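Next come two complexes built around chain A: one with chain B, the other with chain C.
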Partner chain A sequence: MKLTNIDLEKLIPENLISVTKMERRAFLKIGLVITGVFAGGRILSVTSNVSEAFASGKDFVDQYPYKPHYSMVIRQGLCIDCERCLKACKETNSVPDYGYRTRILTKIVTDAVGRKREFIPILCNHCNDAPCTRACPTRATYKNKENGIVMMESKKCIGCKMCILACPYEARYFNAERHAIDKCNFCWDTRLSKGEKLTACSYVCPTGARIFGDMSDPDNVAYKMVHQVEKQVWVLRPESGTKPNVFYMKATRSSPWDLRKQDGAR
Partner chain B sequence: MKRMALLLLASLLAASFLFGSLVAFAEDEEEHGGDIIYTKPLKAVIFSHKAHTEDIGLECDWCHEETFEMEALHMQENTDFTMDSLCNENYCGTCHNGDISFSTTTQCARCHIGVKGYNDLVRQGKLEPAEGEEIPEEQKPGH
Partner chain C sequence: MLGKIKKETAERWGYMGFKSLFSSGIYFNVFAFLGLVTIAGLAVGLHGTYTGYHNVYGVTRQIPWGVLISGYIFCVVTSTGLCLVSSIGHVFGYEPYMPIAKRAVFLSIAFMLGGFIIIFFDIENPHRMAIYNLLSPNFTSNMWWMGTLYGLYLLALIVEYFFLLDQNHSMSRLAGLFGVLFGVAAHSNLGAVFGMLHGREFWYGPYMPIYFIVSAMMSGGAAIIFFSCLAWKIDRTVLTRRMERAIMAVCQLTILLIAIILFFTFWKIISGIVSPEKYIAIQAFLTGPYAPNFWIAELGFGLVIPFILLIRSKGINTNLMFIATGFMLVGIFFMRYDLVLAGQIVPVFHALHVEEYSSLLLYTPSLHEISVVTAGILIAIVLYLGGEKVLNAHKFQKHAIVPPGAFICQGCGGIHYMKEGESQDDALKRHHRMRKVDREDEHA
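Entry: the complex of A and B
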């Protein structure tokens, strides 16, 4: 399998000039200013600019094209690699042992307070401009027009793996039993479409490292987290600019007993 | 005091002998209990006796037996061995309360080594896997 090597070990800031004007505008549209470029352009850091960019909250919300606009906020620093999320994902979505819909990366850190490691969950970014859907010759993978989830229609998949090559985030694997590519769909068929509010991974996460929510709703917890003024938020992305819907931010403090009750969903 | 310390040392020795496979890999186990790897309620948390005794100079009886029993991993069987309870200044939280030492609500990955950390230790031969447990092949860094 091709490994794109998003090397989180060596995050050295690079020249901001490599970000195209078009991409800057694309992020500004959703109220985020690009503040840093890392890892050969695969990672961008952004901060919220909502208060300056928009006259009203409503103008701003219009920039998220889906309703609901599902998104996940990864609070880096809280993940403890307990891998309950991986287990829940595998059980909920019948993911075989050789496959994955989400993984945890390890980053070795040495800083003054004596931390040694940081764990970083990764999954499909449900890109607004998804290269995988463009690469698919049979439209077996497509972006749902209502909720923006990038889905698979297994019957149509011929197993050519073009989407695996096109995806910059290694979010896809070939599922031999289904004879089709499989990937994260935010638990659409297994949970969300049945009325559950959270994906299996964010539901079981004991630390609140995975906040799942709806970016089209300014009162939603995920929305509020990403759009705190001046708070730095990251996205993983390739040079082409896929407009990912998984956001990353630093979290240094957890209150586990509160966070477990994300959004009153439990 | 000296007698007391000797006694403690003796029981530590006994403990490290008895629970040799659990107190996995300290180089000088005769001085302290080595590294303890907790796997419940989740995998995995490291406690370093060396860091707490040799490096910062705590005495055995500051924690044993009032906060932690001598028997390694004993408290894993308690239903209140959870973060909620730690945050209420029980177990590790007795000192890790943000006052005596860093709080258990911060710096999670300083003690939590995760499933990956646990697997690494088993692969390095520093820890016995649980019975029937399969350890997957190593992932490349960053993957």
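Entry: the complex of A and C
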């Protein structure tokens, strides 16, 4: 019994390391070769033992300590870079032109068949283990005890920019109008606290690339999306150990039939 | 107020009055010129405060810390180093280092003030810092500890300096001990500000705090030698036998510390090259856009040239030492600059291979930033120049530093202890010529 325990312990970090390194070399390749279920920022398994990961159901519960535990699932591949989310965010949260709370990154895969570009929306991950809140000298940025949203109390921000450096996801910027750091707060002050169910970006997204939801509720759509056996789910930069709450998964728009058609055309 | 210091206090402090500044025309002109440049720099900085830093500074969302933080680090590193190196003498009692104490602690305060002024222009809302550092402290934040510990450190330095001036050596020693404790804590914590950012591979790890302390001592050594040699150029009488010995001792220590930092740098690079996380940043410094900074300024000016010159000076040739440590201070500034940038030039999302982050991030200091850093460093230098004149070149009154039962040796300038019933002459002989005979005496 003891022996198996040790083996398991050893196995997990090894996987973590190899994933990180390979990810650095070629993220695309890794997406194809190794697929992982990451929840709460931890790799729980690689495809070969997905079932094992799901067997340890308790782990998942522990990963979602808040009630509601807000989270966003990004269905990478559905995003078409229409930037309506950016516009909605700017309007809802009065984000100035020099800043942004969320952004769409573009990845070009030259040797892909068909579509060569993929868009990756990024935003604050509302990390369970948020390095930004640890770094802040005055607790101007903090994790809300109920819903886990990482928020700002602007009047306490001294503007040292320590949190910008501490965040591994570049989710923060200095807002001169607020005289404080500004960042995504899942539209807490502008929408959620007023009874809305979705963030502005998720509400306007025409393709459903941004699914906003509550991870503490197994009936919630976001929970269901992340906990499907056949889906690969990951988080960005898992090696930072921040336990992010924004999950990424592939959702492809090209069915095998579409691809066959492309073949025929060639 | 200062003008009204009582005569005997003034004598004890070596206070010469502000009139002494005017004693030499050239000196005063230099002093006034640097003072004006400082004020101009601060004015440019205040203009930035008024227009909003994001309009005039070169820092960005991706590179939020630029030359201001480098300048701040340069100043506080030098300050800590001055405090640590001088403490070897007047706190821990190693006699050859004692004569440098007064000037070193004074400079230490001057550099700390310079550093604080620079960081004042970096922090967006310094007034909130004063309030919420107290009302809403975050004990897990290195930034909080940095503010707090450096505050305590500066306080200890000021108390220490006051007692040094007042020639109360037991109290200055006690305050000095606190200065050393807070200094080491504050400074290693400053390393941890960088070393505990686990999203930034280049900095992450225990290397930073250790490196910061060792390189602080190196900077301190360089600063003591540089400013003492400068003091001799201003006033030859400062160069007493004891001072000569002290500087020779500091010079030896500095050479050793350069060697240690060389070896730190070497292993940082070698280990960085094999680490996929750090590779890109290291390459940027070895062969990329920052190569001149690294090879010429950091390695050449900061380490190799002074290493050779200091060895050749044998701790005696003040001109050589002056040039060597001058190079060193310039090089050390670049070391801080490179260190701050290295952790930021690689975009956090580079591993995603997205278009937006396909290349290294660039940062160029703006005029406003450069002005503020210049002003901050010049403040320290102006204070130094003022101090040399107004405080009588930080000379100790002889009797004050000599412990009971000891005397200042006419021969070597060191402090010797007298055995019971021994005259100064006998003690001198025992310490110098007669050692062997002495031993034979004891055997007999």
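Following the convention adopted for this analysis, the second predicted complex is superposed on the first by the 182 of 266 C-alpha atoms of A that agree within 3 Å, B and C clash if a C-alpha of one lies under 4 Å from a C-alpha of the other, contacts with A are read in each partner's own complex, and residues count from 1 in each chain.
We adopt the following convention: a contact is a pair of C-beta atoms (placed from the backbone, for glycine too) under 8 Å apart; a residue touches a chain by one contact, two chains touch by 3 or more.
Since the model is a prediction, treat every value here as computed from it, not as a measurement.
Enquirer: Should A:T106 be classified as contacting the first partner (chain B), the second (chain C), both, or neither?
Expert: In the superposition, A:T106 contacts both chain B and chain C.
Enquirer: Just to be sure I read the superposition right, which of the two partners does A:I158 touch: chain B = first, chain C = second, or both, or neither?
Expert: The second partner, chain C, only.
Enquirer: Please indicate which partner A:E83 is in contact with in the superposed arrangement: first for chain B, second for chain C, both, or neither.
Expert: first
Enquirer: On chain A, which partner touches more residues: chain B or chain C?
Expert: After superposition, C is the partner touching more of chain A.
Enquirer: Examine A:P131 and indicate which partner it touches, taking first as chain B and second as chain C; both and neither are also allowed.
Expert: Once the two structures are laid over each other on A, A:P131 reaches chain C alone.
Enquirer: So, A:V235: does it touch chain B (first), chain C (second), both, or neither?
Expert: neither
Enquirer: Applying the touch criterion given at the start, work out whether A:Y169 contacts chain B, chain C, both or neither, answering first, second, both or neither.
Expert: It touches chain C, and chain B stays clear.
Enquirer: With both complexes superposed on chain A, which partner does A:V95 reach: first (chain B), second (chain C), both or neither?
Expert: In the superposition, A:V95 touches no partner, neither chain B nor chain C.
Enquirer: Once the two structures are fitted together, what part of chain A is touched by chain B and by chain C alike?
Expert: 103, 105-108
Enquirer: Along chain A, where are the residues that touch chain C in the complex?
Expert: Where chain A meets chain C, its residues are 21, 23-28, 98-99, 103, 105-108, 120, 122, 131, 134-140, 155-162, 164-170, 172-174, 176, 179-180, 236-237, 240-242.
Enquirer: Using the touch definition from the top, list the residues of chain A that touch chain B in their complex.
Expert: Of all residues in chain A, those touching chain B are 3, 5-9, 77-84, 103-108, 113-119, 206-207, 252-257.
Enquirer: Looking at the complex, which residues from chain B come into contact with chain A?
Expert: Answer in residue numbers: 42-43, 83-84, 87, 102, 105-110, 112-117, 140-143.
Enquirer: In their complex, what parts of chain C are in touch with chain A?
Expert: Residues 52, 54, 61-62, 64-65, 122-126, 128-129, 132-133, 136-138, 140-144, 146-147, 193, 197-200, 276-277, 343-344, 347-349, 351-357 of chain C touch chain A in their complex.
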